[in-house]
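The structures come next, written out as C-alpha cells.
Next come two complexes built around subunit A: one with subunit B, the other with subunit C.
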Partner chain A sequence: MFNLILNFFLIIFVAFGGVCLGLFFKGIDRILSAKMQKRVGPPIFQPFYDLRKLMVKESIIPKNASKRIFEIAPLISLVSSLLILLYVPIAGKSILGGSGDLILIIYLFIFPGLGLVLGSFSSNSPYANIGGQRMIINMLGYEFPLVIVSLVPVWLVHSNGFLNIFSLETIYNNNVWNLVGPLGIVGLSIEAIVVFLVMAGELSQTPFDIETAGSEIAGGALAEYSGRNLAMFYLAEAVKVIAIASLFNALFFSWNIDANFGIQLLIYIFKLFLISFVGLTIIRTTTSRFKISRLTRSYWGYIGLIAIVGFLFIL
Partner chain B sequence: MGSKNIEKKKIKKVAKSIWVFNWFNSCGFTEVLPMVGSRWDMERFGLVPVSSPRHADCLIIAGYQTMKSIKRARLIYEQMPFPKIVVSLGCCPMTGGVYWDSYNTIKKLEDYIPVDLNIPGCPPRPEAIFDGIHKFIQSTK
Partner chain C sequence: MEIIWEPKILLISFILLFVIAYFFYISGEKKYQKGTSQVIAYFSGEEPPEVLKVKNVYWGFFKDFEKFYKFLTTTQKENPNDYTFNFVLGFIVLFFLICLI
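Up next, the complex of A and B:
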C-alpha cells in the first residue's frame, strides 16, 4: 500500500519534471541554434512564455471537423509521451520498469505520431490532410532503422548469456561497449550514428520535418489547431525529446559513476543534453528539408543499409 | 490603443511571444525579410514567423492592398483566434501612399480591418519596425 502511494507521487513528479525539463531543453536548443547561425537567440525561458501565451488564446474548432477526435488527439499525443518517461531508466532506476520492457517502449513511440495523424485527419482542411499523410509516411520510414538500432543491445546481451534480454534494467546495467571485441566497436559506432539520424526523424526536425512544412502546406498537419490544443501538441513535442534521448541513453550510452542519487541525476540530465545537442540542434541547424521521395529513399535505403551493415559487424 | 480586438489582461501574456503572419503585396515586405535573418534578429524578442493564421497572434499587412486582396486579408483576419494584433506596415495601407489617387487600391486600412499599430515608411527600415513593436509592447504594461 505504501508502495502504491509512493509510486503515485513519483509518477506525478516525473511527469511534471519531464514537462519542465523538456521546455528547458527546447529553450537551450533555440539559443544554441541561434548562436550557430550568428544570431542572438531568444531568452532561455522563451518556451515557457510561448506556452503561457498559447493557454490564453481562444481554441477554435472548425465547423465541419470531428469535434471529439479533434480534442482528444492532442491528449493522446501528450499522455503517451509522458507515459514513455515512466518506463525508461532515469539515472539507473525506472518507476514502472518491472512491468514494461523494450518492446513496449517501441510500441509506445508510435502513439505521439498517431495523435498528430488523428488530429490532422479530423480537422476539415486539405492542408492538414496532406500533412497527416506525410506524417504516416515519415513514421513508416523511421520505424525500420529504429527497430534495428534497438535490437543491437538485445542481441549483444543475449549472445553473452544474460537472461531477461528485453528488460531495460539488464541492458542498462551491462554497458554495451564492454560486451564486444574490436570489430564490434566499429559496428557500435556505426549504429551510434544511425541513432542520431533516427532521433532527428522521430522528432520531426529538419531534414525530416516534411509534415510541418510551413511554406509548402500552410502549417501542415497542425494547420487548424489553436489555443489549448496547440499548447498540448507543443508540450508533446518538448517531452518527446526527453523520452527518446532517455531511451538511447539507456541503450547505448549508459555510463555512470558510483555516487548518491542526486549527482547521478545531474549527470543523467547532462548526458540527455549532450544527446539532444547532437541529435537535435546540430542536425536541425545544418540541414534543409528533404523531399518526400528522398526521405523514404534515405530511410529505407541508405540509413537502413548502414544500420544493417553495422549489425553485421557485431555478429 | 483602444481597438476592439485586444483584451487588456490577456495581451500582457501575449506580448512576450508574438507569432507573426505576413500578408503583403509587392514592395511592402522587402525590409521585413531581413528581420527574420541573422542581422536584425526577430527571434530575440520572441517573434516567430508562422505559416498558418490559426497559430498567429499578429497579422502584418504590408504594401498596397487592392480590392481583391483586401477580401482575402479580411478572411485571414477572421480566422485568427483572439487576442490578436493587426499591424499596418508602410505608408500604403495607412494613407494610400504612392498610390493615393489610384482607382484600384485601398486608401485607409482602418475602414476594413481594425488596426492596432501603424508603422510609416516606404518601406520602413527594420529598426523602425522594431521601434514600433517595442512601443506597442511597452504600452501593454
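Up next, the complex of A and C:
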C-alpha cells in the first residue's frame, strides 16, 4: 500500500518535474540559438510565459473539424510523452522500469507523433493535412536508425553475458563504452553521431521539421491549433526533449560517479542539457530544412547506413 | 531484476497522467467566437474545401523511392506467380543473410 502511494506521488512529481525541466531547457535552447546567430534572444523563462499566454487565448476549433479528436489529440501527445518519462532511468532509477523495457519505450515514442497526426487530420485544413502526411513520412524515416542505435547497447550487454538485456537499468549500470575495445569505441562514436541526428528527427527540429515548416505550409500539422490545445502540444514537445535525451543518456552516456541521489540527479540534468544542446540547439541552428522527397532517403540511406557501419565496428 | 511487461500498470499510469493533464487542460480558456470567420481554416486567402479527405498519405515516401518502386512494378505484371517468386527470392536472400550473421 505504501509503495502504491509512493509511486502515485512519484509519478506526479516526475510529470511535473519533466514539464518544468522541458520548458526550462526550451528557454536555454532559444537563448543559445540566439547567441549563435548574434541575437539577444528571449528571457530564459519565455517558454513559461508562452504557455501562460496560450492558456488564456481562445481555443478555436475549425469548421467541419472532428471536434472530439481535435481536442483529445494534444492530450494524447502530452500524456504519452510523460508516460515515457516513467520508464526511462532518471539518475539511474526509473519508476516503472521493472514493468517495461527498451522495446516498450520505442513503441511509446510513436504515440506523441501519432497524436500530432490525428490532430492534423481531424482539423479539416489543407495545410494541416499536408503536415500530417509529412509527419508520417518523418516517423517512418527516423524509426529505422532509432532501432539500430538502440540495438547496439543491447547487443553489447548480451555479448558480455549480462541478463535482462533489454532492461534500460541493466544498460545504464554497465556503461557500454567500458564493454568495447578500440574498434568498438570508433563504432560507438559513430552511433553517438547517429543518436543526435535521430534526436533532431524525433523532435521534428530543423533539418527534419518538414511537418511544421512555417515558411512552406504555415505551421503544417499545427496550423489550426490555438489556445489550450496548442499549449498541450507545446508541453508535449518540451517533455519529449527530456524523454529522448534521458533514453540516449541511459543507452550511450551513462557515466556517473558514486554519490548520493541528489548529486546524481544534478549530473543527470547536466548530461541532459549537453545532449539536448548538441542534438537540438546546434543541429537546428546550423542546418536548413530537407526537401520532403529527400528525408526518407537520408534516414534509410545515409543515416541508416552510418548506423549499420557503426554496428559492424562493434561486432 | 527480471522485466515483465505490465499492461495494467501502463494503463493505470496513462489514466493517472491523463487526469492530471486534463485538469490542467480545462483550466485554459475554452471559448471562441463560433460562427465567425475565425473558424474558417487558413488557406492563404483562398476558400478552403468544405470537407477534406486524407489521401496520398505516403506521397513523400513513394517519391523518395520512386526508382525502387518503378523497378518493383516492372517485375510484377499482375500475375500471382510474380508475387510468389519475389516472396521466395526475398526469403532466400534473408535466410542466407541471417545464416551468415
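By our rule, the second predicted complex is superposed on the first by the 315 of 315 C-alpha atoms of A that agree within 3 Å, B and C clash if a C-alpha of one lies under 4 Å from a C-alpha of the other, contacts with A are read in each partner's own complex, and residues count from 1 in each chain.
Please note the rule applied: a contact is a pair of C-beta atoms (placed from the backbone, for glycine too) under 8 Å apart; a residue touches a chain by one contact, two chains touch by 3 or more.
Please read all numbers here as calculations on a predicted model, not as lab measurements.
Chemist: Which chain, subunit B or subunit C, ends up touching more residues of subunit A in the combined arrangement?
Modeler: Of subunit B and subunit C, the partner in contact with more residues of subunit A is C.
Chemist: May I ask you to decide whether A:37 touches subunit B, subunit C, both, or neither, giving the answer as first, second, both or neither?
Modeler: In the superposition, A:37 touches subunit B alone.
Chemist: Under the stated touch criterion, which partner chain does A:59 make contact with: subunit B (first), subunit C (second), both, or neither?
Modeler: both
Chemist: Under the stated touch criterion, which partner chain does A:222 make contact with: subunit B (first), subunit C (second), both, or neither?
Modeler: Only subunit B is touched by A:222; subunit C is not.
Chemist: Counting only touches as set out at the top, which of subunit B and subunit C does A:100 meet: first, second, both, neither?
Modeler: second
Chemist: Per the contact definition in the header, classify A:50: touching subunit B only (first), subunit C only (second), both, or neither.
Modeler: Only subunit B; A:50 stays clear of subunit C.
Chemist: After overlaying the two complexes on chain A, where does the subunit B footprint on subunit A coincide with the subunit C footprint?
Modeler: Dual-contact residues (subunit A): 56-60, 127, 218, 223-224, 227.
Chemist: For the complex, which residues does subunit C have touching subunit A?
Modeler: Per the touch definition, subunit C meets subunit A at residues 1-6, 9-10, 13-14, 16-18, 20-22, 25, 27-33, 38-44, 48-52, 54, 56-61, 63-65.
Chemist: Along subunit A, where are the residues that touch subunit C in the complex?
Modeler: For this pair, the touching residues of subunit A are 8, 11-12, 15, 54-65, 74-75, 78-80, 82-83, 86, 96-101, 104, 121, 123-129, 132-134, 136-137, 140, 163-164, 166-167, 169, 210, 218, 223-224, 227-228, 231-232, 292-297.
Chemist: Under the stated contact criterion, what part of subunit B meets subunit A in this complex?
Modeler: 10, 13-14, 16-17, 38, 41, 43-46, 50-52, 54-55, 57, 79, 81-83
Chemist: Residues of subunit A touching subunit B in their complex?
Modeler: Within the complex, subunit A touches subunit B at residues 30, 34, 37-43, 46, 49-50, 52-53, 56-60, 127, 214-215, 218-219, 222-227, 230.
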